[in-house]
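Please find one structure pasted underneath; my questions will follow.
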Amino acid sequence: MAAKKAIAVVAGVGPGTGSSIARKFAQKYPVVVLARNPANYTEVVDTINAAGGQAIGLSTDVSDPSAVSSAFQKITTELFPGSPIAAAIFNSGGGFVRKPFLELTTEEFQTGWESQVRGAFLFSQAVLPLLLKGVEEKSEHPPSLIFTGATASVRGSALFSAFASAKFGLRALSQSLAREFGPKGVHVAHVIVDGVIDIARTKGYVFEHEDAKISPDAIADSYWFLHTQPRTTFAYELDLRPYVEKW
Amino acid sequence: MAAKKAIAVVAGVGPGTGSSIARKFAQKYPVVVLARNPANYTEVVDTINAAGGQAIGLSTDVSDPSAVSSAFQKITTELFPGSPIAAAIFNSGGGFVRKPFLELTTEEFQTGWESQVRGAFLFSQAVLPLLLKGVEEKSEHPPSLIFTGATASVRGSALFSAFASAKFGLRALSQSLAREFGPKGVHVAHVIVDGVIDIARTKGYVFEHEDAKISPDAIADSYWFLHTQPRTTFAYELDLRPYVEKW
Amino acid sequence: MAAKKAIAVVAGVGPGTGSSIARKFAQKYPVVVLARNPANYTEVVDTINAAGGQAIGLSTDVSDPSAVSSAFQKITTELFPGSPIAAAIFNSGGGFVRKPFLELTTEEFQTGWESQVRGAFLFSQAVLPLLLKGVEEKSEHPPSLIFTGATASVRGSALFSAFASAKFGLRALSQSLAREFGPKGVHVAHVIVDGVIDIARTKGYVFEHEDAKISPDAIADSYWFLHTQPRTTFAYELDLRPYVEKW
Amino acid sequence: MAAKKAIAVVAGVGPGTGSSIARKFAQKYPVVVLARNPANYTEVVDTINAAGGQAIGLSTDVSDPSAVSSAFQKITTELFPGSPIAAAIFNSGGGFVRKPFLELTTEEFQTGWESQVRGAFLFSQAVLPLLLKGVEEKSEHPPSLIFTGATASVRGSALFSAFASAKFGLRALSQSLAREFGPKGVHVAHVIVDGVIDIARTKGYVFEHEDAKISPDAIADSYWFLHTQPRTTFAYELDLRPYVEKW
């Protein structure tokens, strides 16, 4: 029996980066997009399908073990049985909160970790066996697991204790996976998005200079670049920011 | 009414670092030690009291909101009403696990975060108002909040995804608190303990060279050094390792 | 008068990375390659010219102020007068030495700095005005200045004091330039090549796993990727290593 | 014959940090201070000697091989023949320049490296044999070699290319020495002084908050703390800043 076509899975798809990534990877692979709220993926799924690609949205809270389990049950038995994963992208935007430390509730603090770290843990446990299957089947590009980081991944700023501790935790997870699964042929990478992304929600943010917001399509190009690197030459970490960003 | 004597609180007291820290700070302050299992603090509490100091142990699971709340209720209303905190040390050893990623259960993964990060969050929320009280009352040394890190605080090694993501998260929390509460006069610091600590449990670890294990008393001296720095000259981070350690 | 065609300049061309980079950028731009010893660039220059591209080699010691001055005098007045620079790559391999510290001579120690840091300083001062000219003339891709780093750029290992202090210095220079010239539209980036590169000289290095050496062509692809990023979305730093590399 | 008394050597002594360090170490050891301009050390030498300590100043340009050689020739044959070094501190303040990159002269750029890196190289080569002698003779505290860093040691800011590339290089050197000589019993450490130091020259710098400048005496206390750590528990790096500093 011929090998099944590899797919891409993108967790955390909203109007910005996740949609751009899904569109980019859909040029090559059928794409499954996961988001809690279907309103977040309907447009990109329709766009991809209308353009001749194949996209499926699954309403999934990635921080919830049973939801992740159901989604991958559906992917592996119903939607794409036998398919390896070519690329899995964890792009959760959840858990952001900016607040004086003593005003944070335990729930607010915990939500950051659940969205970013437990979500990434559950997602990684679900996709890694299917990424390893891609290695076995000698995929065209090394199967890739890419995590989206932020400024808060490397800097614990004042008022960002919840989000930064989650993003630091996510980065640690990605490093550990890179060191464990890199030698098995899976390309694990972490991308630090340092700046304001140019999406509908940030249209009103005005900067002194033009082009001062990060392009989600250019982020997607970076993920694609990482995905197509040969295993002789893996990048682990990439930081992206607008030319005028202070850092 | 005269100001009440400032106290020290040490969370995470076992036979090693925590006990040494408690003994060191007990030379100057009454000390409250928190550990889930009273067996972990009985000896150090007795030693301190026998030596003329004052120590009290409270059985507390620092990762549990209601347990932390009860402990500090007891401290502030019953044991040391009106006392500011001179030094609070978060030294939890919980949540360590070393395992292939795909063999980790969600519980095992989560336990790291609960012990290290949620515990530190709860502890910090409880102690910071009392540390700020120390600032107001012009304490002799700047009130100090010190977190114990590990190699896993700055490196996500293979098989350490659970522990490293927790320790990275703890470090982010400590950075964020340092930036928020430093300017308010609280000295927040993070100590990376990089190596094997010389305690009963590691007696059997044999190294090629002598003195190859970190001395818990020398760790305690470092915490004391941090505590006594003036606010003109705060250290945020310190890495401790034996002279023969590879790093 | 029409704008002159932009060129690429690659400093430090030997049989490996530099040649791959020159070939890659020659697909789009006339390329000038600089190396002290013409034997290091003759082959790549001939290959590019034979393939229909345009390449010129200039024998230049980039650590020598007058040599750099002569080379750029020739480029700007004779070879490509009026041309902006689209991409300038500093890829010096000089100054490597691995030795017990007390056996190093001052000359050996200094050579690392001269090759890596003074060379990069001189090269950057020569190319930046021409990169800025590219910005003014609205080049297709943001004019790019890319530096080649190594493991020693971020880690001062035992016996590597000379090379690491040079590579750390080079990284500092690249960061400073990224922060000064990024906002002016020049894309300054630093690539950490962490591992053994697959070139003639390393043919004999045998590893347990296949594909354990970094591909110079894949490095060149990474530089090209950096060059083609839009100014909304610059990467500053990229680390490249084989999938089996320990780090 | 009895072992000779160990001495301390401080390179880079001006009115601030260096003098405080010299005074601190003079409480225990005879101190030799090195500075190019005797005006920089006369006062501290006199103060120490008047207080019953022993201090000697040697006019020495630490970036000049023959000057360093002469100074140590004098120390080892004339001033303190047979003495081991207990502590050597490299605290050069030279080479600072803040300028647009394209306005830097090669000399200005190079001066940073000469003062900071070549100076540290020459100093380290001179002191390490005498520090190792201290190890052999079982010194009370592990012989220590401590380097003074700055914000520019870990951040290449715009306009700081010369100073940052020098300070990064110095940090690399210190790391490499820590890894080579730590296992031999020498405590090599690097202190990042991040902020304005409270000295005569900065008296006019006015800050919104009081105590906003780093105390040179508190810096000296930190160096002394590092010096007195046992070899089981060496700190390699310490960052010092005022409580109100942004970082």
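Letters A, B, C and D mark the chains as written, and numbering starts fresh at 1 in each.
The criterion applied here is as follows: a contact is a pair of C-beta atoms (placed from the backbone, for glycine too) under 8 Å apart; a residue touches a chain by one contact, two chains touch by 3 or more.
Remember, it's a predicted structure, so these values are computed and weren't measured experimentally.
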Seminar exercise, completed: For the C-alpha superposition of chain A onto chain D, the rotation angle in degrees, rounded to the nearest 5, equals 180
Exercise. Taking mean CA positions as centres, which chain lies farthest from chain C?
Worked result: B
Problem set entry | Homomeric contact chain C-chain D: same or different residue positions, threshold half | same
Exercise. How many angstrom between the C-alpha centroids of chain C and chain B?
Worked result: 46
Exercise. Counting in whole Å, what is the centre-to-centre distance of chain C and chain D, each centre being its mean C-alpha position?
Worked result: 34
Exercise. Where the centres are mean C-alpha positions, what is the separation of chain B from chain D, in Å?
Worked result: 32
For this session: Enumerate the residues of chain D that touch no fewer than two other chains.
Result: 179
For this session: Provide the full list of chain pairs in touch.
Result: A-B, A-C, B-D, C-D
For this session: Can you check the complex and tell me which residues of chain B touch chain A?
Result: 65, 100-102, 104, 106, 109-110, 113, 117-118, 121-122, 124-125, 128-129, 152, 155-161, 164-181
For this session: Flag every residue of chain B that touches chain D in the complex, lowest number first.
Result: 142, 179, 182-183, 185, 187, 198, 209, 211-215, 218-219, 221-222, 225, 229-247
